[in-house]
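Chain naming follows the written order as A, B, C and D, and within any one chain the residues start at number 1.
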Amino acid sequence: MTTMRPLIFMDPFPRTQAMVLTPETETELRGMGRLATHFGSRAPDDLVESVLDEVAVIIGQTAMDRGRLERAANLKAIINVKANWEPNIDYGYAQARGVHVLSAAPAMAPAVAEFSIGQAINLARGLPRADAAFRIGAERYGIAGNGRAYSLHDAPVGLIGYGNLGRALTPLLRPFTGQIAVHDPFLSDAYLESEGLEPMALDDLLSTSRFVFVLAGATSDNEGFLSADRLATIPDDAGVILASRAEVVDFDALLFEADTGRLRVAIDVFPEEPVPAGSGWRDSANVLFSAHLAGGMEASYARIRAMMIDDVRQILAGLPPMHLQRAEPRAAAMARSR
Amino acid sequence: MTTMRPLIFMDPFPRTQAMVLTPETETELRGMGRLATHFGSRAPDDLVESVLDEVAVIIGQTAMDRGRLERAANLKAIINVKANWEPNIDYGYAQARGVHVLSAAPAMAPAVAEFSIGQAINLARGLPRADAAFRIGAERYGIAGNGRAYSLHDAPVGLIGYGNLGRALTPLLRPFTGQIAVHDPFLSDAYLESEGLEPMALDDLLSTSRFVFVLAGATSDNEGFLSADRLATIPDDAGVILASRAEVVDFDALLFEADTGRLRVAIDVFPEEPVPAGSGWRDSANVLFSAHLAGGMEASYARIRAMMIDDVRQILAGLPPMHLQRAEPRAAAMARSR
Amino acid sequence: MTTMRPLIFMDPFPRTQAMVLTPETETELRGMGRLATHFGSRAPDDLVESVLDEVAVIIGQTAMDRGRLERAANLKAIINVKANWEPNIDYGYAQARGVHVLSAAPAMAPAVAEFSIGQAINLARGLPRADAAFRIGAERYGIAGNGRAYSLHDAPVGLIGYGNLGRALTPLLRPFTGQIAVHDPFLSDAYLESEGLEPMALDDLLSTSRFVFVLAGATSDNEGFLSADRLATIPDDAGVILASRAEVVDFDALLFEADTGRLRVAIDVFPEEPVPAGSGWRDSANVLFSAHLAGGMEASYARIRAMMIDDVRQILAGLPPMHLQRAEPRAAAMARSR
Amino acid sequence: MTTMRPLIFMDPFPRTQAMVLTPETETELRGMGRLATHFGSRAPDDLVESVLDEVAVIIGQTAMDRGRLERAANLKAIINVKANWEPNIDYGYAQARGVHVLSAAPAMAPAVAEFSIGQAINLARGLPRADAAFRIGAERYGIAGNGRAYSLHDAPVGLIGYGNLGRALTPLLRPFTGQIAVHDPFLSDAYLESEGLEPMALDDLLSTSRFVFVLAGATSDNEGFLSADRLATIPDDAGVILASRAEVVDFDALLFEADTGRLRVAIDVFPEEPVPAGSGWRDSANVLFSAHLAGGMEASYARIRAMMIDDVRQILAGLPPMHLQRAEPRAAAMARSR
């Protein structure tokens, strides 16, 4: 009897080959097994069916309902490289089968955290504005130009959500401030305290933070929980950094708070992307915009590839994956992708 | 015999009363002794002479040559609140007399470090540019918009100078990267290694760093040591953050490297301030400008006041000051102020 | 229809009521649901069967084969408070059912890590010996008495195993030394590097470490892997701390290395416990003995109770447990308990 | 004109050549200048006088009164390698001359801190006692043997004194506990808070600490300040580690508290050393004794040599010393050596 080398099936759309299968990555994966790939669209059904029998690891968002999972008798892991959970998998059955369901979300988090710190400093210190003023000769020097500046040092900071993003942001914040409050309804107070954080009810967090980092994922029941009323309780002139999902906030209310000059806001995600050409959003004052640039950069994809290679190697050796995030079936099923 | 309460003399120009003597600060200082003040200009000679006999602590940049120091028999400390050493004091004689000569420079460093991290992220991630693109509808989403983005995470970073600024910046950098090289001709390799840093010759540091932080003070013999030739050795597309003194760099050469698109540059200090209205500097592309805003903000002055109050209290109690920087007579004499 | 409050069944033998159900703990658990308990022995079958139908959480080592798991339709979690995995559960089927299988092992780890640091310093600095010498007037002062002393500061340290114990020990070691090597066949090099550790082959680790911490669990295939030949490669006069399981080492060979004075050894666990009264082990020189005292102290049980309460609350609320260790079915099945 | 290479004079008694002038050290120093040495006793006056004219650096405790300082026109630094300040120098005049007066005390601190942590764990966990019990077959296993054990984890800890020893101990304590209180009358509350410590009045510290680390130096006015009355306020069963100077405590009262079983005590320093052969101290129960072994080990002397070489190089290059401690003239004059 011949033992076949394990089959790795890569179906990563909307991720591209450049993102997830560089030549070096391909060499690594081919060193571990056979490789079948499909790029540019979701893999067609006949291709998927043709690999089911043998496939050991699926890298991508291939639809894997119960029937397909049953037919994939050798399947050990499914690796979602899109970072958000989608309803493409029967999570409960995959767990029952002992199939690892993993997400590359942790690989994006360092870039989002870096972005968030950068925008927080930009809001507090007015750096982009300072450049614009200098270019037109309207700059004022030293403290005269710093009338509205404040600092992240020693500031009370609130994190809404403490998943991958919060975990990546916290070590960057610690050398600035010891006052890090967290609201996350999925985590217990005792756990947050064991992480050196202050668990806080949402309303308290909003009303006491100089900086509010919105890092919560979108679920089936948290749409718009940062409502106009709640946004109104954030202290005057505080900075709000929206870095995870636009659905969790009343987007128009957030822009209104910025337009009136009451809050300083950085926004990377939108209710609709791309934003329509003529959208009035583009004119909002007191907002630092970016076009979903926080996480999706080459450094993040390099991290995805490295985590993926290392965890596939562990899994094919019968060892636990160490880098990628494991699906909590219940939470994965609640997550809203887009 | 009556013991007089110690006399504190405040002569802080160009610092203002708002910067260094808020009502709370005044209450604290008057709790420790008598207070004489002069604001708005350097204190006139007759006022200085009238306090010399009794003064215990001078807060400010009062000229204190040897003769005045000899006449100030009760003087215990001089606190420079301008942050840069000036040639206003006979440093050697003050030391011989056992007079503490102290600088508020450490109080400014956290703000400069925060600014420097912010600009490094701005250069690497193109945040200000992203906002401008979004406002005109020219944004590209996700990795399509991040073609030139890179990250501070795991990047090789070089610090030129490891004084107050370097010491404040290092803890902010550590959660991003373990590769922090330092060039500082005043410090030994063994000392830098004991701080967890990699001592590096200037030329090596320049040619291997993805981010170069220029944090060196200006001295009588380091003008323009970051010459055009040296700037040319910095790797293509690296980020350079100039946060200490413009004199240490060939300023036009630095702008040229930015104009040609070879380097990304953030500049907070200029050879001449204010910059002349029609200066061509203002048009340099690939530069993030700010008008000497890195350190001089209210948070820094609050820190000056807190350090000053605490150290004056220590000194009047015969105890060592703990916060402000002590003058090294030789280094203080070499420093170039402006 | 009445909704019954969830049933928590506690069957913790050999853990006692004092260890896992203080009055405060009972109050907390009764606040979350109904409580059934059995102490002093494993719960009799009829008691177990009588609760199966309703039980939501089992705290203890109740035998839960597939049949019982099938009958326990409401079961959400099994919490092993003995810390070692045992073959009492059908781990694969529990996972398939989505039942959390959790261990209190992380609660014991801080105490074991503290013990291990203490014994490492004792071996290196000769503290117990110094006390004995002083009591009989044979002490020598200062460096004369420190002829054999060495330090954990800046020493090369090797951890064999990086599970709960290694994770708890590492932060205690970091302020002493930057040279922490790890051998753990279950973990990838890239993962260990991401933790700031140096992955190392076992033979290299043994031959280069000044301190060797044996922290590996016993599995079905690692008995005695620290053989006489391997122990012989540890550098002369190094310290070896055995803190996890005696089965992983050739115990007699380890004592021989201590008896000849070649190694300094601390031993907390034995192939047979209690050690027979007349065992020759008790006479071994150059060994610091303790009677399985590293982990099992009141502080550890307090931590078990706190983790258990918090995770039961999460689980009953449909949220993921945050403190206790989740079973890897394959690893749990390999673990050898005693 | 010939420029003579600088003269380094080494007169380190009671330090020996083996401690401060290994062959490697000699090579380094001879690379920087000429070297004159005297070992085995304090250098005779005629030798001292013969080098005064040229000496640039004195390493040792040579008596340097004002007259000698005046005659040593080229002297740049005096390096005390005994670690305690002595009244051998006119500190004020040395400062007036701009002569660096430095102490090797920071080099001893890591070893003392390691010793202190080790003894704290020994007291809390009863490790030496556990070994003795095992050897006579009186051991009890697991929690049965841990009836009196407690942990440094999360314990309230008090440091009396925050000089070199406190600074070296604090990073070792942090991974165990966040509750570190400090009493040091030389330091302001604001400074201690800026170090992340809780300043505390002595009486509060004593009455609330589970572990008391006595790290204070002896001065002309603090003899016996840890009096019997004050020791009586320490909570029952707390651990007291005496690691700096015996003079600061009522030594008999401390032993009495241990003898009665009220406190657990570790003692490394004694009012008289060597302790007389027949001293009753040797019989004290509940004490872990050591014979002034905390700091004086080869690793500490290696650190002295490294710091000394590096700072001599800095000083001869006209740069500030970075490792050794600078004398505060007033504090140095108050220090009581022995």
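We take it that a contact is a pair of C-beta atoms (placed from the backbone, for glycine too) under 8 Å apart; a residue touches a chain by one contact, two chains touch by 3 or more.
Just so it is clear, the model here is predicted, and its values are computed rather than measured.
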Field: Chains touching both chain A and chain C, listed by label
entry: none
- line: Chains adjacent to chain B and to chain D under the stated definition are none
- prompt: Pick from A-B, B-D or C-D: which interface has over half of its contact pairs in common with A-C?
  reply: B-D
Query: If you average the Cα atoms per chain, which one ends up farthest from chain B?
result: C
Query: chain B to chain C: how many Å between their CA centres?
result: 50
Averaged-CA centre spacing for the pair chain B and chain A, given as whole angstrom: 37
Statement: Where chain B touches two or more other chains at once, the residues are none
Touching chain combinations (by label order): A-B, A-C, B-D, C-D
Message: Show me the residue ranges of chain A that touch chain C in the complex, using the header's touch definition.
response: 92, 95-98, 186-188, 190-191, 194, 306, 310, 313-314, 318-320, 322-323, 328-331
Residue ranges of chain A touching chain B (in the complex, touch as defined): 19, 110-111, 114-115, 117-119, 121-122, 125-128, 130-131, 133-137, 139-143, 145-146, 149-153, 171-172, 174-176, 273-275, 277, 282-283, 287-293, 296-299, 301
